[in-house]
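Structure below; questions to follow.
Chain naming follows the written order as A, B and C, and within any one chain the residues start at number 1.
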Amino acid sequence: MITDRVLAFLEAALLTSRGPVMVQGLVEALGDGTVSAAEVEEALKSIRDQLSAPGHGIRLEKVAGGWRYVTLPELDDPLRVFHGLAAKQRLSQAALEVLSIVAHRQPVTLPEVNFVRGANSTGVVRTLLDRGLIRLAGRKKVVGKPFLYRTTKEFLVHFGLDRIEELPEPEKMIQDENFEAE
Amino acid sequence: MITDRVLAFLEAALLTSRGPVMVQGLVEALGDGTVSAAEVEEALKSIRDQLSAPGHGIRLEKVAGGWRYVTLPELDDPLRVFHGLAAKQRLSQAALEVLSIVAHRQPVTLPEVNFVRGANSTGVVRTLLDRGLIRLAGRKKVVGKPFLYRTTKEFLVHFGLDRIEELPEPEKMIQDENFEAE
Amino acid sequence: MALKDTIGIGPAIEVPDFNGPLDLLLHLIRKNKFSIHDIPISSICAQYHQHLREMQRLDLELAGEFLWMASWLLHLKSRTLLPKASADGGEDDPRRELVDRLLEYRRVKEVAEYLYDADVVRRCLWEPNIGVQGHGGELELDWEDVDLRVLARTYLEVMDRFAAAHPPPLQVTPLRFKVQDKMRELYDTVHQNKLMPLLRHLDTRTDPEEVVALVVATLELVRLGGVRAEQRRVFAEIFLRPGPRAYDPAATFHQESLEAVHDH
């Protein structure tokens, strides 16, 4: 029987899933044996119908044998803007990697960063420059005279350091015994 | 003005976000200048109220200065079965004590935490750092330059606080000076 | 608060798992319904020590801070037993600091209890995970919460990944001196000069690898009859002279001699 509890669970399961959700998995998770696959399917259809009313930004679609929430295509533009804005308070894994390399090996060139990461970091370096976390610090006297990068004062402020020399050895930060000694 | 399009966008933006969403970002993404922060806030509250009806498995909450969708706590069991995940580990009494101290006295050093608790807290502090509930916040300008600790945004999110000031003052929680019999 | 298993023959008192000496003291004060502002030090001191003995009997791990507190309590007890040093009422109560610390710790426990209740419910909440279509959904960190430790861990992860992608090269150094070349060189020199002092020649060589190649080349040439070696006494100079047979590098070179150098 389709109860409020079943509907609530379906909504929660869809929300917390990446990719299509199989009906069989939902039936098994509900587990009490009182809900059949046909009933779950029926409940999903009723959720789908509800979401088709105006004022909803998502719909429920059946793909590849499963069900999933998708956002409306006409919301793509504002969503892209929104997630772009939100990303400004966040740091991607790539940006964090570049920042950690510049911090611990400065001064360092882009080719060196690329070599250590094994990936092109041009875009990420630009982002970090824009955010004022790294800065240009002259050129390296090697072929091509690549730019050298260092961390900024803003970097120090964020991490609560007075001088870059205060940056602890990475190993010390992770190991138990040294950490305790601090 | 709150239109269906605004409501649809809010729903889509919240569903595709991880962590609390700031009202300001939502207003900017809508971008046409027709919607104010107050209106967005109002719209969010109406979505929250709608979700409080039975048959819904998610709710909208205000936490750490933003809004986010979360599932209902009573759905934890079937969701864990569905996703095949073990229950999240409970925080130990010692961990909760350290969190209380850091939350009220931040920024605070490990020796200070140890003194208030009257017990060594090194291991606990590490665990809390690993769980992202506290973070390093520079070093104290005293002999030995010990690290300072603060609670994180994740701390607010985990404990359902909008701001750190929402954490109850212990003095208000203690009614009488002496202990009641248990 | 979880009670530790009380093993053995029924212990006199229950020994809960305390989070330090202040926790234990608060427990004793609460149990006795004492006022925290007027703690009867003698009684508390006695009970505290009794607990420590019990914990030791049960082989519970007894952290140093418990023993430190025990001695502090004894100290306080002795001070309260002394007659007041001065007559004026402004004399500090020796228990003052203990009371302050207990009050502060009690506040901590109150907040911890609030957090405990929140944790029970809140760790059952799940976040949306549907992500944005056509978006990688890369994990991003809140900049505010990126601290030195996150930075250090990221750096070590990058370096680990780098080390895994760039394993140290095998130490294969090419042979710089070929036995075959040295054989021809020696053969030619010996046949040109009719006599060649081998040890003196080896002394002029600075590279041990070349010395090895020369020695092996000599042995090989002697075996093949290309040169003859003479030594009058042990440790004396070894003279090389032309041998009975001509040396044909293409036909006579043996693979084994090369391998001998390899093994060296």
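Quick note on the criterion: contacts are C-beta pairs under 8 Å (C-beta built on N, C-alpha and C of every residue); 3 or more make two chains touch, one makes a residue touch a chain.
A quick note: this is a predicted structure, and the numbers were derived from the prediction, not measured.
Asker: Considering A-C alongside B-C, which chain pair is linked by more C-beta pairs in contact?
Answerer: Contact tally favours B-C.
Asker: Farthest chain from chain A, going by mean C-alpha coordinates, please.
Answerer: If we average the C-alpha coordinates per chain, C ends up farthest from chain A.
Asker: Taking the mean of the C-alpha atoms as each chain's centre, how many Å separate chain A from chain B?
Answerer: Computed from C-alpha means, the inter-chain centre distance equals 18 Å.
Asker: With chain centres defined as C-alpha means, what is the inter-centre distance between chain B and chain C in Å?
Answerer: 35
Asker: Roughly how many whole angstrom separate the Cα centroids of chain A and chain C?
Answerer: Once rounded, the distance between the two centres reads 32 Å.
Asker: Scan chain B for residues touching two or more other chains and write them down.
Answerer: 15-17, 69, 71, 75, 79, 136-137, 147
Asker: For chain C, jot down the residues that touch at least 2 other chains.
Answerer: Expected reply: 126-132, 142, 144, 147-150.
Asker: Using the touch definition from the top, list the residues of chain C that touch chain B in their complex.
Answerer: Interface residues on the chain C side: 1, 19-23, 29-31, 33, 35-37, 63, 65, 69, 101, 104-116, 118-132, 142, 144-145, 147-150.
Asker: Can you list the chain A residues touching chain B in their complex?
Answerer: 4, 7-13, 15-17, 25-26, 28-31, 54-58, 69, 71-72, 75, 78-79, 81-83, 85-86, 159-161, 166, 176, 179-180, 182
Asker: Given the complex with chain A, which residues does chain C contribute to the contact?
Answerer: So the residues of chain C touching chain A come out as 126-133, 135, 137-144, 146-159, 161-162, 165.
Asker: Where on chain B is chain C touching in the complex?
Answerer: Of all residues in chain B, those touching chain C are 14-19, 68-71, 73-76, 79, 87-88, 90-91, 93-94, 96-97, 99-101, 103-104, 116-120, 129, 132, 135-137, 147, 152-154, 158-160, 167-168, 170-171, 173-174, 177-179, 181-182.
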